[in-house]
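In what follows, structures are represented as structure tokens.
Same chain, two partners: chain A is paired with chain B first, then with chain C.
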Partner chain A sequence: MIESVQAYFRALAETHPKWNFIYLYDPVQAARIAEGLWMTLQLAVACVVFSVLIGVAGAWLQGARQAVVRAFVQGYIQFFRNTPPLIQLLFFYFALGQFTPTYSPDGWLEVPVISNVGWAIISLSFFAGAFNVEIFRAGIEAIPESTREAADALGMSRLQIYVYVVFPLAFRVSLPALNNNLVNLVKTTTQAIVIAVPELLYQLVSMYNDYSTSQNACMLLMFVVYITLVGVLVLGMNRWERALRIPGYGA
Partner chain B sequence: MLKHIVRRSLTGAALIGFLAGSGSAFAAECTNDVWNKVMKRGKVIVGVKPDYKPWGFRDESGGLVGMEVDLAKEVAAVMGVELELVAVQSSNRMQFLEQGKVDMFVATMSDRPDRRKIVGITQPNYYTSGTNVMSPKALGLTEWENLRDKPVCGKQGAFYNKIVSERYGAKIVAFTGNAEAKQALRDKRCIAWVYDDSSIMSDLASGNYDEFEMPLPSEDDNPWGLAVPLAERHCLFGNLMSGLTYNWHQSGRLIELEKKWGIQPTKYLQDQHERFSDWLAGK
Partner chain C sequence: MNERSWDPSRPIVSIRDVHKSFGDLEVLKGVSFDVMKGEVVCIIGPSGSGKSTLIRCVNALNSIDRGSILVEGQEVHAPDLDMLELRRKVGMVFQQYNLFPHKTALENVMMAPVLVLKEPRREVEERARTLIRKVRLDGKESSYPGELSGGQQQRVAIARSLAMRPDVMLFDEITAALDPETVKEVLVTIRELAEEGMTCILVTHEMGFAREVANHIYFTDRGVIVEHGPPATFFTEARDPRTREFLSQIL
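Let's look at the complex of A and B:
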């Protein structure tokens, strides 16, 4: 059956040169897609996890007693939220990359300890993390002062209040906005192509440059993959939202 | 059941294919749409490279100049219309032509069979180049096999990438622009920069790459093609370009331009000059 599908698409490419679904019959191209998809998944998962962690920590530090810490978080947010992620990627990889330690496998090559994939994860996580801090702050500010005071009256420490009372409630309030930002983050991973991270877009662009007849097929695949990827994320987030719902709290 | 699903989805795909391909059936009829549009507009829009010295690049004032820009000027002069230049990249030049953003392009494109299915590449070819690498003298590469499993910088959209990765197993790290790729080579992120030999030669001659060399024999000499819309390949536009290129070879204009822009003289242009020589010349 696989052979007949392959034969069909091979024939289709002959008769309709604009619809060369080369990745459906050429194992070399199929492997490229698989590699790109795997890299995109890794990037997406790593960035989502790190950006949420950054958001949680940042929101906690925003309420710190030391003005220096608060100013630092504010500076971080302004820097990462107000510059384009594309420029952050280029800046991190080409400018900061020169100052990171390197090792040399052959005496000439200087392989940086942080690879282009590493820089992409760092830069995109910090980018989305800056938004997440603000998203969590909005959630925290939605928690009534009286709830906090009640916890305080029970003798809980500041950290305890944050971990056990404020954050669990704030997280629920923040979920819809977080959902939006994470969807954006997953889509932004395609920009890692500028520092040659071999994710899906990179592989597909290379493929349709090598086989120009496959362009439409590559574009189509790109759409399908991202619709699926984002769809799965949104579905998961919505389920999570419903599971964490507090009856009678909010809408 | 499974068979049924397969058959149905195949019918669907065939339908997509049919819809997509129906436009090309009229190619033979010569409506000369783009040609007529150019004439009516009194201006031809030509795609050239902005970052490919000395074929197409920006001078100090930001204007596009180079050997291919000179060719574009001659095309406009012959057609008797004004010239507008549009900067194109390897990865978008064919799309720009298909979408009508440019009427034609002269943009260092290797003439490949699959590209001929998308755009109207005319004969004869106006230039040629082979695949080679620029690598640090310190590494002292001696053969293509030295590249196996090593990171090699490339430019997204260049067909040279495929050769070195498929034939010699190099790990291509492809950047969006030549500048980024060469910067990565200087930063020692890769052991070589793979591109065409004539461009590398002009880089080496510029004096900015003194610690680098082009140590390997060029491979796969591949002629370059200029392109008009596919539907007009055998119509007015395509035939004009074929005739023009023929005359450029015969008159030695291409060899002149090669000299003007300081490009290493290629045997190809000399051969074509002889091949297309006027049998009555000097008689």
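Let's look at the complex of A and C:
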């Protein structure tokens, strides 16, 4: 079965040199794709998780009593929202990367403690996190002051009110906007290619540099993978939205 | 330690010459009265006369500019006030119920005792179920606020407040948002509470109810108490023209 598929695409590459699906018959290339896909998945999941955590923490800090803290969060948002993520990646890796300490696993080679993958996760998480702070903030503002006040009158602390009352409600309000931002984030992970993170785009680009006839096949795969990846994310988010729906509440 | 020195022969709530402004607007212009343990006090008066502001000062949801409010001998507006202790002692029910919409009726009632008093869940749940039965909502334990009528939500709100085992209850026009048929079911609950000896301060427009349940009625207008007395004399012998006008409109 597998062998006949491989034979088919090998033959196709011979007869139609523009459609060399090399990764469908060459195990070495298939392994590169698998590696790239795995890296892309890790990158996407890590960035989604961290950016949401940054959003939650940032939205809490935006309500801080200290003006310095609020100003700091505002500065962070402005910086990351108003500069291109591509430049952020380059800046984090090449500028900040120089100042990070190194360690030497074999007593010979010096390796920075934060790898290019690490920098990509940091940079992209902060990028999407800035938008998430704003998204959650809008959600929090939609929660009536009277609900907060009721919790206050029951003796709940500011943190308890945020964790148990305001955020759970605000999160539901924020989900559609969060959904958009996370889709955007997953797509933006491809830009990690500029700091040589071996994710899917990186692998595909190097593949068609090695085998130029595979270019169309590589492009095609790129679209298929991202449509699937984003599709799964959107489906999951919609399910979550439904699961969180409160009977008799909201629209 | 002051609190320990309070004995029940002295007022449980003592309001002395309270002044409160919002910006240029002076809402309370020297209000004083006492409430003894187990008393039911009704505050009536035209809209905007400062009734809500006054009772919100009692549990420190509002600050005051001048004067003093003692709850069980403790100054509510002292800088070193133990806020948690105050909020535990003084329960409040609002006009708009302000339930937590993402929590079931039972969870609404359990939340504060578990989070604030750190009591064991099992114990709290037992008490919460008893309270829900007491406000005649058996069978609605797992309903969300959005699935309950206004009157039912208001009774959950009362149970939620009682779950903290307060010594004083504040009610701010809690039947004003209800349709006439459901007003009664809420008033029945309050009357039972009063009969059990709960100290209640009610802002209300339900004159029939005030006449029946209150020990003392205060009429406020433009930030001052214009007239007060026990219901037997208040309704028949009001001297102040403003009070008489108000009563003639509402009775």
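One rule holds for everything that comes next: the second predicted complex is superposed on the first by the 244 of 251 C-alpha atoms of A that agree within 3 Å, B and C clash if a C-alpha of one lies under 4 Å from a C-alpha of the other, contacts with A are read in each partner's own complex, and residues count from 1 in each chain.
The rule is simple: a contact is a pair of C-beta atoms (placed from the backbone, for glycine too) under 8 Å apart; a residue touches a chain by one contact, two chains touch by 3 or more.
The structure displayed is predicted, hence computed values, not measured ones.
In the superposition on chain A, A:168 contacts chain C only, with no contact to chain B. Shared-chain residue A:18: touches chain B; no touch with chain C.
Look at A:112: by the touch rule set out above, it reaches chain B but stays clear of chain C.
The partner that reaches more residues of chain A, of the two candidates chain B and chain C, is B.
With both structures placed on the common chain, the touch criterion links A:147 to chain C but leaves chain B unconnected. Of the two partner chains placed by the overlay, only chain C lies in contact with A:247; chain B stays clear of it. Under the contact criterion defined above, no residue of chain A touches both chain B in one complex and chain C in the other. Within the complex formed with chain A, the residues of chain C that make contact are 59, 61, 83-84, 87-88, 91-92, 94, 96, 98-102, 111-112, 115-116, 143-148, 157, 160-161, 164. Within the complex formed with chain A, the residues of chain B that make contact are 2, 6, 10, 13-14, 16-18, 20-21, 90-91, 94-95, 112, 114-115, 117-118, 136, 138-139, 150-151, 156-159, 161-162, 166, 172-176, 180, 183-184, 187-191. Of all residues in chain A, those touching chain B in their complex are 1, 4-5, 8-9, 12, 15-20, 28, 94, 97-98, 102, 106-112, 116, 193-196, 202, 205-206, 209-213, 215-216.
Listed in rising order, the residues of chain A touching chain C in the complex are 144, 146-147, 149-157, 160, 164-165, 168-169, 172, 246-249.
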